[in-house]
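First chain A sits with chain B, and in the next complex the same chain sits with chain C.
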Partner chain A sequence: MEQRNVDRRSFLNNLGVTVGAAAAATAIPAMKPASAQTPAAPKGKIPDAPLRLGHMTFLTGPAAVLGEPSLKGHLLAAEEINAQGGILGKRKIETITADEAAGTDANVKELRRMKLSEKIDLFTGVISSGNTPALGPVAEELGALTIFVDGCTDFLWDKAVPNPKFAFRITNIQSADGVTCALAAAQTWPQVKRIAHIHPDYSYGRNAFDHFNIAFSKLVPGTEVVSEGWPKLGTTDFTAHITKAMSSNPDLIVSSVWGGDYVAMYKQALRYGMFNSAKFASTIAFGVAPHAIGKDHPEGVIAGVHANYYFTFPPGNRWPANQRFVEKYYKRWNEYPNFQSDGAYHTLYMYKTAVEKANKLTGGWPEEEAIINQLEGMYFETAAGDLYIRPDNHQGYKDAVTGFSKNVAEYPFQILDPARMITIPIRNITAPPRWPKPGSGHNDPTATYNWIKETWPQVA
Partner chain B sequence: MTMTMAATGTSIWRTTIDSALVLVILAILPQVVDPYQTVLLTYGLIMAIAALGFNLLLGYTGLLSFGHSAYFGAGAYLVAFITRDLGAHSMELCIVGGMLGTLIIAAIFGFVCVRHTRIFFGILTLALSQVLWSLAFKFFWVTGGTDGIRVPYASLTLLGGLVDFKGGGSFQRFIYAYYYYVLALFAVSTTIMWVIAHSPFGKALQAIRDNETRARFVGISVRRYRWIAFMISGIFTGLAGILWVPLNGLTTPDILYWPFSGEIVFMSVLGGFRSFTGPIVGAMAFNYLKTYAIASTEYWQLLLGVVLVILVMALPAGIVGTAAQLAAKRGRSTK
Partner chain C sequence: MTIFVIQILNSFFYAAVLFLIAAGLSLIYGVMRIVNLAHGALYALGAYVSAWIVGSAVGHALEGTLGLAGMLLLLPLGAIAIAAVGALIEPTLLRPLYQRSEEYHLLVTFGLLLILEDVMKLVFGRTPLSAGTIMDRMGSIPVGRLMYPTYNLFVVAVGIAAAIGLWAFIYRTKFGVILRATSQDRRMAAALGINVSRVYVQAFAIGCFMAGLGGAVVVPAQAAVLGLGIEVLILAFVVVVIGGLGSLQGALVGAVIVSFVRTAGIQFFPEIELAVLYLIAAAVLLVRPTGLFGRA
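This part shows the complex of A and B:
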């Protein structure tokens, strides 16, 4: 393999890492809103029994500030579809909700209840990466068509469900999150050498840690991890982790703490002056419902959105699907959407599109097999850009984004600066289809980790 | 204090006939209810075994353990290790291995804990169970951390390989086969526990519970009896953990965490820890209560809390205890 010396700037250019305006210039705006297209009359006889959908997300606890918008996105889409008479003009959507905060074991039970007892047609939602690897196999054994909104760990497709049939997932794969954060940090602060980490002590935190490190070390030679902090998920006291990170005298502090945990952490970090003592980069700080971040949040830090979506980008009417979505969402809920809202909302529209396409081919209400066939390989317009469902692992891929925090007068909370958003083409930061999975030829944490290790040049 | 109706004069035949009747009903139920109810019943029976074990300490020996998640979780994780690391597929092997492992852990923990009673005993059991939890939580390269370890039911066989679950549509087969498997083990466990509770050993435990000093004067080795009771209790709860794994499909550190110990206490209090059948009824009832609370409202924690408060205030004797009191009252008034 060719491993010639490259400099950082040309490698980042190779990866297509672009800031702000340039990114949107390459995107071709969809001229006509998908939802406004008048659908052709459905073929065949469609039953008018309502569609029963299950949606599981965090409705209680510190994770709710990130998870609850998922339900709001879902309900908004369901209301819109029902207002048009339902899917294929006949079948209206009924939603059964469940609180993901009940714990993994209770969630397994609940998915079984939804499928066996409530006879749901589609299962959606799920936020935590601790839950999808438990629920994915359950969905497969029940034969329950599932589109996870998040819980985007690589582990789900690498190990837990290597050959999915019924399970899909819409938000970007998790490894892209750590890599995106690393690219943004390397581009912005290439001088950093000493890195401190604070991550939640479960699969997501370790995934972010691993992928940040492998990507960052390829881009910035001679870096060193000087501190690791692993707070338990759902913790509210971060002082020990903050002071530990600060005392290691780092140039950069990297964190994947999320939801209400992050809100608590940044408020405590302000008291200790953590953001003045080092640069700060997060994979998912602004993944919460936007209004959860106060104006006291430090400006100019890398505040990731799980490499998925932030409502201010692309700004204005540059990507009309986003403008429309934000307007409708705000009108309905009197707040702005986060990446889960986008995921859950478009999950339903993607399902609707798949059903309509399958109906054109087969007539009547399509068999589940036909719907699955349409979902596989689907290319779909969302507020976050074009989404592609890869057939080999049923995973949704879209270009990854992250950005910098900024206070502006228009919003009563801090936002990501739309003029400084970083967009990275997804295929440049994720393992291609059929790249060896962990356990077959290598024992790295994920296929993408191995792919970066093997194929990225080391920047001199 | 009377422990059971049976113990106070109702003939053993009456108990046998009643139990047989309940067993027959439990055996017929899956034929009439939908598959999900069968799954729930299986969960209920498994938790009933755990609560029965727990109640040997609380109801019979007078020791409130706040760390029974340790034995449930130990049983569960041992099954995961046996299937993953030893490549075993036989459920019977998992049961034997898991129970032996749980016995060792219960013996060690019990040896430490039975030196104390009341709050000190409770705190010690709690602390020790949290040691196991933090091991499962932190040593993720061994235990999978919060992801836990997957144990697909399809990789297991029952009855020494006679029943397997390969091929499509196996989940339905698994639900029914596994229900009867668990029901059989539940019947055996309940019988054994009944014999233990009504044996001289069980009577000695009750004597210790009622008056430790007097028991010692009679010549009962209090600490040794408590230790043995602790081990038996641990094994029963461990068996429940073992049986729970294939049903849940994976182990997670949640079953080692202290709130799960609290649930086991809740079950016993709900059913009534002063009677033999109380924990069984309580476990079944709690299983339905929690499942449907989660399914019906996002305020499910509040709902469970309110139920617990009402229970303690209005039904201190639990479901079975209150039912027995009502029956006795009616019996008196008709005489």
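This part shows the complex of A and C:
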């Protein structure tokens, strides 16, 4: 049913795009989310053998500035749980770490090793979208309970593991990232016509490019991609990409360059005057550890956080779970968390909650099957808001956020302005359960891409 | 038109950096027949040390006393530090392996690369370090309706000066004669009374100095990030494959070719930016297996 002559403002209102510090109305029905509280005494006899967890993330290379916070979030949660005696009061957490920078093949071998020889009870972490589609099928084959923190490509559930049993993922699905960035840009700068793109040349960059374009073209008619740059992941010289983008006279430059690469890129872009010549929107600029972004970063640009989480939002005590998390994290690590920290930290608490719920039903240490049953459909409180694990694809969904960069006196680095955060109910920007996947009825990049193409009205 | 002027300047900038790295790589191979896989890591270390020195100077309000010229003079300290590291590495790690086959050289230098990467992470942390103050002070010059950072021109000048300096050093000094003699026939050089061990340490240190200088001059323009040396090492190998391993002219010509082809790729064929470079390298290898200036 095609709607005609929709204007942009009312369509954005329909999508529930909210600007400002107001906590957005959630798309999920009002029910009390499970939260990480100390439970009643466990039922039955619990073994006191330690729990063995594998955490894989980037510990070296330019992605480490994004990956290290993941491990820190994980370790913080593990220390807190262990200080309370472990999960179900008995089983303390022992973490084995692995460096994701070893490469996809080595990472697959490491997962096998962790499961078969280290006998891990849970595999977590993983950042790169190049790795989860390789690790997911192996986790399924090994029967290794897995909660990916990131590596959020749609491809994992669309193609690689269409019917997951053992694999879950906690951060928002990747298509939401490009769409969120597009909605924020369309709302902020609807006069934009000419768009230049700079994206890393692998699955994440392609995904951001595709979903930004499909959503933006629905909202702003008559736009044109005037320049494309596809720097290799790990590049630090962006001068030619910047020059090319600027020379195409764009109104808006869109980028999904991330981690240390992004830090190198924005410093070069400053000296070329790129931020003065066009508006700038990024899906993931502020996804790195917050202190990696200097005060020299341009203010007022859309500096995304992978549509997941930024530590200044919701501000103050408006969402106590965030305030608690940020305080604990800062106290332990003397720095502020990023979205990976939030994901890794709450992965452990979500697992703990699932085990406790399963224990109430079955007594003793629950079977893996019972833990999986609890994780499916779980509704869980995190620092970033309420998280919902959709049973059909084991994907975590929470309201998407992005925001605008700003310098404030309280922090020695640039932050996202908590008064101007944009929040979007996730249900309105992602394909619903059972929407046809690529290869069944359409050949679009993702189910969400097809869903936007087919169901969103074209703004006139 | 403006865009071509700037893209040409961008290419010369990148060529200058690539030349500094590739020249060191080539020099070390030319004299010692060692393919130094740790060369990129030494470049990254140079970037980190320089960023750290400049950052500390700025932090301690030395900035005002130093002025721009003073800050620029701080940069080579990073290169000197890397030369010192090189002078330490050669006698301890490499010297025992000269009699062995090349696989051992690759293993040791690759191990060194991994160790250096971890050392940088341990010492400097995972957060990128910046020496951007220098670049900001030099400002930008308008080119048409666009801008070009003045500092990048300084880097091009350093690259040219290094090329001339290195050439004069190798072809116009007594040490250069000794270096070339040792490179051509180690035994004969030793028989003529040349202290080959000392020449090796000096050659390796000079090669490392070049890598460190590359890192030092690039860091104000970019940032010192982990893994900085990996991509550049690959490109430096493309440079020496095209130019010929062990040849100074080869490094210079190769760096210019790689840099211009890369920029052209980004500008005109963004989808195959990287593939274009390897295609050129493959073409050169087919026509001249030893590279444009290589000796068989």
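Annotations for the structure displayed:
One rule holds for everything that comes next: the second predicted complex is superposed on the first by the 445 of 460 C-alpha atoms of A that agree within 3 Å, B and C clash if a C-alpha of one lies under 4 Å from a C-alpha of the other, contacts with A are read in each partner's own complex, and residues count from 1 in each chain.
Definition applied: a contact is a pair of C-beta atoms (placed from the backbone, for glycine too) under 8 Å apart; a residue touches a chain by one contact, two chains touch by 3 or more.
None of the values given here were measured: they were computed from a predicted structure.
Partners chain B and chain C, once the complexes are superposed on chain A, run into each other and clash. Contacts of A:223 after superposition on the shared chain: neither chain B nor chain C is touched.
When the two complexes are overlaid on their common chain A, residue A:268 makes contact with chain C while staying clear of chain B. When both complexes are overlaid on chain A, the residue A:362 reaches neither chain B nor chain C.
Touch criterion met: A:106 reaches chain B, while chain C stays clear of it. Of the two partner chains, both chain B and chain C are touched by A:201.
In the superposition on chain A, A:323 makes contact with neither chain B nor chain C. When the two structures are aligned on the shared chain, A:97 is found in touch with chain B, with no touch to chain C. Between chain B and chain C, C touches the greater number of residues of chain A.
Look at A:373: by the touch rule set out above, it reaches neither chain B nor chain C. Look at A:187: by the touch rule set out above, it reaches neither chain B nor chain C. In the three-chain model built by superposing on chain A, chain B overlaps with chain C at stretch 92-100, while the rest of 92-100, 200-208 or 218-226 show no clash.
The intersection of chain A residues touching chain B with those touching chain C, taken from the two complexes, comprises 59-60, 201, 232.
The residues of chain A lying in touch with chain C in their complex are 59-65, 68, 101, 201, 228-232, 234-237, 239-241, 243-244, 246-247, 259-261, 263-264, 267-268, 270-273, 277, 289, 291-292, 294, 296. Here chain B touches chain A in the complex through residues 34-37, 39-40, 43, 137-138, 140, 145-148, 150, 152-154, 170-171, 248-250, 252, 254-255, 290-291, 294-295, 298-301, going by the rule given at the top.
Touching chain A in their complex are the following residues of chain C: 2-3, 6-7, 10-11, 13-14, 17, 117-118, 121, 126-128, 130, 132, 135-136, 140, 146-149, 151-152, 218, 221-223, 225-228, 230-231, 262-263, 266-267, 270-271, 273-274.
The part of chain A that touches chain B in the complex is made up of residues 59-60, 96-99, 102-106, 108-110, 112-113, 116-117, 130, 133-134, 137-138, 141-142, 155, 160, 201-203, 206, 232-233.
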